[in-house]
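I'd like to ask some things about the structure below.
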Amino acid sequence: MNDKRLEQGIKNLQEIDGEAGERVIHSLEAIAPDVGRYILEFAFGDIYNNPVLSFREREIITITSLLTQGDTNAQLVVHINGSLNVGLTEEEIIEVFTHCIPYVGFPKVLNAITVAKGVFNDRRA
Amino acid sequence: MNDKRLEQGIKNLQEIDGEAGERVIHSLEAIAPDVGRYILEFAFGDIYNNPVLSFREREIITITSLLTQGDTNAQLVVHINGSLNVGLTEEEIIEVFTHCIPYVGFPKVLNAITVAKGVFNDRRA
Amino acid sequence: MNDKRLEQGIKNLQEIDGEAGERVIHSLEAIAPDVGRYILEFAFGDIYNNPVLSFREREIITITSLLTQGDTNAQLVVHINGSLNVGLTEEEIIEVFTHCIPYVGFPKVLNAITVAKGVFNDRRA
Amino acid sequence: MNDKRLEQGIKNLQEIDGEAGERVIHSLEAIAPDVGRYILEFAFGDIYNNPVLSFREREIITITSLLTQGDTNAQLVVHINGSLNVGLTEEEIIEVFTHCIPYVGFPKVLNAITVAKGVFNDRRA
Amino acid sequence: MNDKRLEQGIKNLQEIDGEAGERVIHSLEAIAPDVGRYILEFAFGDIYNNPVLSFREREIITITSLLTQGDTNAQLVVHINGSLNVGLTEEEIIEVFTHCIPYVGFPKVLNAITVAKGVFNDRRA
Amino acid sequence: MNDKRLEQGIKNLQEIDGEAGERVIHSLEAIAPDVGRYILEFAFGDIYNNPVLSFREREIITITSLLTQGDTNAQLVVHINGSLNVGLTEEEIIEVFTHCIPYVGFPKVLNAITVAKGVFNDRRA
């Protein structure tokens, strides 16, 4: 049932992205409510819900894909927070980015590190 | 010292990518030997050598980055093999790719699954 | 309910992509059945089902996005066929690609035209 | 003759992009006048001038290509305005972006929706 | 006048890309003649014709851009030939690709080297 | 020896990127010192150090690759400065960007020109 997917998606979003995720959904309500619903039902209700990978591994995949595609600073903020929420350390997040250098080069890695620096500082404030 | 980086890189390449990795280096010898050396010294000697992430996690990051950037079938063959070599199951590899759908869409994921199908079949032959 | 999304998705996939679409789903059954189900439920059941845009406009969007991201020949084959199935002419498809030149340059447009040439020839055979 | 291409390009640019388009050309005058001339002669004089597709369809293609390639916020502002100028509704623009989710994933779609939100608000002010 | 742009473009295309360039134009005649004309008039008649950069520098830029965007093997074949035609050595072409490693990573560079290997061999045959 | 690579890298970085390059390295010290070291040892110590291409040609390649991949404004600032430092004129830099139009389209070229405008103005101030 759709309702079950939606409920499960809301639960997973809250556990991983916390308030930052809820802000994304909220910002879509007036302009593109279907897109907000698809994030909850499909991304967090269907995809994240499969137990074959842990949330820790899913956040490693997510921040790698965001770094690699570029122009994703807003999403990196959400998922660097998400990575910390599910137990990755700051050092591990920087190492995920560093591992990408041989595959995507320095510019995208430097961009992601700059975003991470901001997130780490904000959480300490 | 460079020699130590090179030795460590050769060791890491063999453990992760096995013969497929050696074939890449060998194919570069006549045309671009520096590039082969940089793969060993920098990618496998410097980057992969940091113990903050496991080889399992590094291969998850690698196949995610390759899938996300696209036009990387040759490299996906090497690193899907690498992923299996360091202990990921076929089901986990498919789930890494599936997790990328909300971030990159279906086309790149379908391409990576097609490559994986070929690698899985080849290893059973 | 999920069943309704699935049914609607199968119906839309058949109308747009015909046999080529069914082959994609079939090829996923043994290796990644969830991905095949998501294509039907989410892409064709949720997204394509919204009447705000016609199937003609949706196929224009689809082939534009595939051309722009690159490395999508297999998907272009399916959706150039889909474009013809929902009423675009060969001339219109080539013009969609031509319109992309100022936005993505010649190489990606030339690749898409080459794929279109093959599809047009196959349908005449 | 070049003059005819230039004249036609200026006319098409004005009809589609209005003042926002003229600002782009104006901003190029001191630093890269050839590039401004090519936008007028080639993009708007040659490409947009072919009647096989309507301006409505050309703007659908344009915003799809801009969304898909990423890092195009400045151009999206111009062409979301252009889309409204040639008759697309706000709801249709959001649906064009939503249709791209299965092909490029959520991050690029969320970026384009954020830009659209700003343009829609500015035009109401 | 357009005729002058076309003539100049044909001349530049022949000097740089030789037969390989003519084959591209010829292959477009039946399916997309406008696109062939735009390559001659705009790319080779307008852009390449500006004397601020030499043909040698233009081919360095071209193969760098093709390598960086990926999925451009057909165009790399044409422009690796073009690079040799305007005086770059095999060693210099490989070094152009090698220089891109810090900016785009190894996979795209390895793809371009593989294409270069084929071109170098074909010209020796 | 690593020390020699590091020394040579620092020397090359200073000659090409000057203060802007040093700021990048400095900004990485607290959060990702390894990445700063890799930029010096690998990018500027290994890659830039090969005499097959001049620094002028290397900066042409670098700004072309940055423009082509997109989302690299911070790096373009550094390397437009670098291009001027190694002897490219403002007109030549704009022509490098203009040459990319047939390969990547107008949007990425317009973005790079906007960044160049800022750099040129800053150096005059």
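Order of writing sets the chain letters: A, B, C, D, E and F. Residues in each chain are counted from 1.
Simple rule for what comes next: a residue touches a chain if its C-beta (ideal position, glycine included) is under 8 Å from a C-beta of that chain, and two chains touch if they have at least 3 such contacts.
Keep in mind it's a predicted model, so treat the numbers as computed, not measured.
Chemist: At the place where copies chain B and chain F touch, is the share of residue numbers found on both sides over half (same) or under half (different)?
Modeler: The interface of chain B with chain F is built from mostly shared positions.
Chemist: Equivalent interface to D-E, which of A-C, A-D or A-B, with over half of contact pairs matching by residue number?
Modeler: A-C
Chemist: How much rotation, in degrees rounded to the nearest 5, is required to superimpose chain A onto chain D on the basis of Cα coordinates?
Modeler: Copies differ by a rotation of 120 degrees.
Chemist: So what's the Cα centroid distance for chain C and chain E, whole Å?
Modeler: 30
Chemist: Starting from the mean Cα coordinates of chain E and chain F, work out the distance between those two points in Å.
Modeler: One centre to the other, that is 23 Å.
Chemist: Using the touch rule from the top of the page, what residues of chain A touch 2 or more other chains?
Modeler: As it turns out, chain A has residues touching two or more other chains at 34, 38-39, 42-43, 50, 66, 69-71, 98, 100-104, 106-107.
Chemist: Spell out the part of chain F that touches chain B in their complex, as residue ranges.
Modeler: Within the complex, chain F contacts chain B at residues 1-2, 5, 34, 38, 42, 46, 50.
Chemist: Which residues of chain F touch chain D in their complex?
Modeler: 70-71, 94, 97-98, 101, 106-111, 113-114, 116-117, 120
Chemist: Quick one: in the complex, what on chain C touches chain B?
Modeler: Per the touch definition, chain C meets chain B at residues 24, 27-28, 31-32, 34-35, 38-39, 43, 66, 69-72, 74-75.
Chemist: Give every residue of chain E touching chain A within the complex, in rising order.
Modeler: Checking each residue of chain E against chain A gives 100-107.
Chemist: Which residues of chain B touch chain A once you look at their complex with the stated criterion?
Modeler: Touch list, chain B to chain A: 39, 42-43, 47-48, 50, 52-53, 57-58, 60-62, 64-69, 91-92, 95-96, 98-104.
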